[in-house]
Amino acid sequence: MPDAKKFLYVNRKAPYGTIYALESLEVVLIAAAFEQDVSLAFLDDGVFQLTKDQNTDGIGVKNFSPTFRALGDYEVTKLFVEKESLEERGLDPSDLQEITWEDEDADWEEKPSIRIVSRAEMADIMADQDVVLSF
Amino acid sequence: MSTLHTVNKSPFGDGALLSCIEHCKPGDGVLLIEDGVYGALSGSAISDAVVARAADVTFYLLEGDAKARGLPEGKLLGQVTPVGYDGFVDLVTEHDRSQSWL
Amino acid sequence: MKFGIVVSEGPYTHQAADTAYHFAKAALDKGHEVPRVFFYHDGVNVSSSLTVPPQDERHIQKNWSTLASENEIDLVVCIAAAQRRGILDENEAKRQGKDAANLAEGFRISGLGQLIEMGIEYDRMVMFGD
Amino acid sequence: MPDAKKFLYVNRKAPYGTIYALESLEVVLIAAAFEQDVSLAFLDDGVFQLTKDQNTDGIGVKNFSPTFRALGDYEVTKLFVEKESLEERGLDPSDLQEITWEDEDADWEEKPSIRIVSRAEMADIMADQDVVLSF
Amino acid sequence: MKFGIVVSEGPYTHQAADTAYHFAKAALDKGHEVPRVFFYHDGVNVSSSLTVPPQDERHIQKNWSTLASENEIDLVVCIAAAQRRGILDENEAKRQGKDAANLAEGFRISGLGQLIEMGIEYDRMVMFGD
Amino acid sequence: MSTLHTVNKSPFGDGALLSCIEHCKPGDGVLLIEDGVYGALSGSAISDAVVARAADVTFYLLEGDAKARGLPEGKLLGQVTPVGYDGFVDLVTEHDRSQSWL
């Protein structure tokens, strides 16, 4: 992809209370078709989007968290989650669902899509993009 | 005479829960709903403030909202009582007024 | 008891209209009265007859219309808030020279006095917003 | 007014960035006709609604701050402003516009409508209401 | 330079649509290009033809329609976001069996690909929301 | 390579400005718009954080938004430079990308 641009989708909001998390995911699914270099950032309340065992039966709203697990099939494999944001919320990486992708260059080995990064690393990732879209 | 306060925003990005905690009175109830349920997480940057106020205010959370957000039961503060929508209705009747921290 | 419910945010974007709906249902199930629900701010957008949510999602406007017709709830949409946001009934559309109206069945447009009345006459007021 | 209820309109949001402050004021103006006991509370970012010298020419939005000065004519004379909220924002009472009402029981003496109260007093005011509406 | 602008909140409720408008005007005044503005989330409500703001207020939808026609700006409203919120053009209204359409002049409904294209093709993207 | 960050919410009720301050890089610009302009108030609970970061980041505010909100010029931090919508456009062109802290 010589002309591919680096796109970062920044998620700072919790799911269900507002629609931003869901509509952000809808953008990412479409974006995957454009063969750009796609990364997702989860920081602040955005880390709540990735908690495991979400069950929305009690509130009558569609549970969209399984869609994150489909991102690997769309070749969206870089989900950066900020460590400090987790810690401030009393969460650790084991509270997040497992999201993997199959690496065709490594005999289809399953690799984790979620990468826990420090706040400083997140700042570096943000500064390394061509386009930053915020939700 | 007591008030039921409802808080519907995450306390990590928004000041509503802290403001509510600083304005409610002994004997009041505080119900965490929608994204407000994150205020019930233990070991968080906000949990000490909730625990401290739980001395004279009763905290509740809307169970459906907590489950929707995948909050592990083991990580919820013991000081926060889960209720359903029916419990929400009862809380409104049991208090003299309700105040939404929008 | 008589409950007055206020919805202050639009459908799907915020959870307010959903939470208010489940609260209203639970109150009715317990034998309370919900004589009126008032839609203010972006809440007026709940009354749009033109929403087409995905098929696997709840239909917020229809849920409210059905609940209202089954329980004789007066669904009142604030006229000033509605005009700013493009919610019009047939009369208003004509008066404003618009060729379309989009107020869904079971809702009616009226003034803010209806909100104050709820506070005066009902036992409890509960607001759902952002 | 033997049957008058106590109504409190709680304002916690800044003006112009969102419409809540303006639409709250619209409710209060209508409410005045119902002869209830009306109070307004300004706390957190709501104190910003009352700053003086607001000039919206540069953003093309209507300046509604003069309307607060008309509240006295509607017999809305109790505007409680929280001291701590002002202080956290680097403001003091002199940064707020003057709002007065004429007391017909005191030979139409002009009296200030804004009353600066502590956070503890604000909590007492909130607990003393029949109906609390939040904007 | 080519600017892509995204508006993510509804008119009057949030200032986003106003700030984006003033930014777009200033960019054009400086000789930059604004080939497309994309309306997402509640931003789709800016395109409603039925808003009737008070006479002493700005008319946000008309401001955008005028700016677009004078400067050949492509005003794109996201179809998925629009359907959820009740914004339909004539075609969609027919297809969905609705008896009214409310997409204002100068706006068109299309998919999210139009947003990604802006990011790929333009020099800068600026988002206005809440 | 530098970024223009925009912040449009009051820092007293919302965490966006602080998060932006913790994530921007030396040489970046931070433009306060809409309710974000309150972040330029001096002597506030937030002003120390802005002043500290102004050592290696340039802060701006949208002048029309500050005037609309009646912010007294004497109470604005000297570290924050006022710009108009035209200045906003220039800032976007002068930085390599822009990031909105929504």
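In order of appearance the chains are A, B, C, D, E and F, and numbering begins at 1 in each one.
Following the convention adopted for this analysis, a residue touches a chain if its C-beta (ideal position, glycine included) is under 8 Å from a C-beta of that chain, and two chains touch if they have at least 3 such contacts.
This one's a predicted model, so the numbers in the text were calculated from it and none came from an experiment.
Student: Starting at chain A, how many touch steps does it take at minimum to reach chain D?
Tutor: 2
Student: Given the two chain pairs D-F and A-C, which is bridged by the higher number of C-beta pairs in contact?
Tutor: So, comparing the two chain pairs, more contacts are at D-F.
Student: Could you label the chain B-chain F interface same or different, taking same to mean over half of its residue numbers are used by both chains?
Tutor: Mostly the same residues.
Student: Measuring between Cα centroids, what's the chain most distant from chain C?
Tutor: F
Student: Let me have the rounded angstrom distance from the C-alpha centre of chain C over to the C-alpha centre of chain D, please.
Tutor: Each chain's C-alpha centroid was found; their separation is 27 Å.
Student: So what's the Cα centroid distance for chain B and chain E, whole Å?
Tutor: 38
Student: Between chain B and chain C, what's the gap in Å when you average each chain's C-alpha atoms?
Tutor: Taking the mean C-alpha position of each chain, the two centres sit 26 Å apart.
Student: What positions in chain D touch 2 or more of the other chains?
Tutor: 12, 16-20, 44, 59, 61, 130-132, 134
Student: By the touch rule stated above, which residues of chain E touch at least two different other chains?
Tutor: Correct list: 12-13, 15, 19, 22, 41, 54, 57, 80, 125, 127, 129-130.
Student: Can you list every residue of chain B that touches 2 or more other chains, as numbers and ranges?
Tutor: Those would be 8-9, 12-13, 15-16, 34-35, 64, 84, 97-98, 100, 102.
Student: Throw together a list of every chain pair that touches.
Tutor: A-B, A-C, A-E, A-F, B-C, B-D, B-F, C-D, C-E, D-E, D-F, E-F
Student: Flag every residue of chain A that touches chain C in the complex, lowest number first.
Tutor: Against chain C, chain A makes touches at 16-19, 59-62.
Student: So in the complex, the part of chain C that touches chain E is made up of which residues?
Tutor: Contacts found on chain C: 10-13, 41-42, 45, 48-54, 57, 80, 83-88, 92-93, 96, 98, 100-102.
Student: Using the touch definition up top, name the residues of chain D that touch chain F in the complex.
Tutor: 12-18, 44-45, 48, 51-59, 61, 63, 65, 88-91, 95
Student: In the complex of these two chains, what residues of chain B are touching chain A?
Tutor: 8-10, 12-13, 34-35, 38, 41-45, 47, 63-65, 67-72, 75, 84
Student: Using the touch definition from the top, list the residues of chain C that touch chain A in their complex.
Tutor: 12-15, 18-19, 22, 54, 56-58, 130
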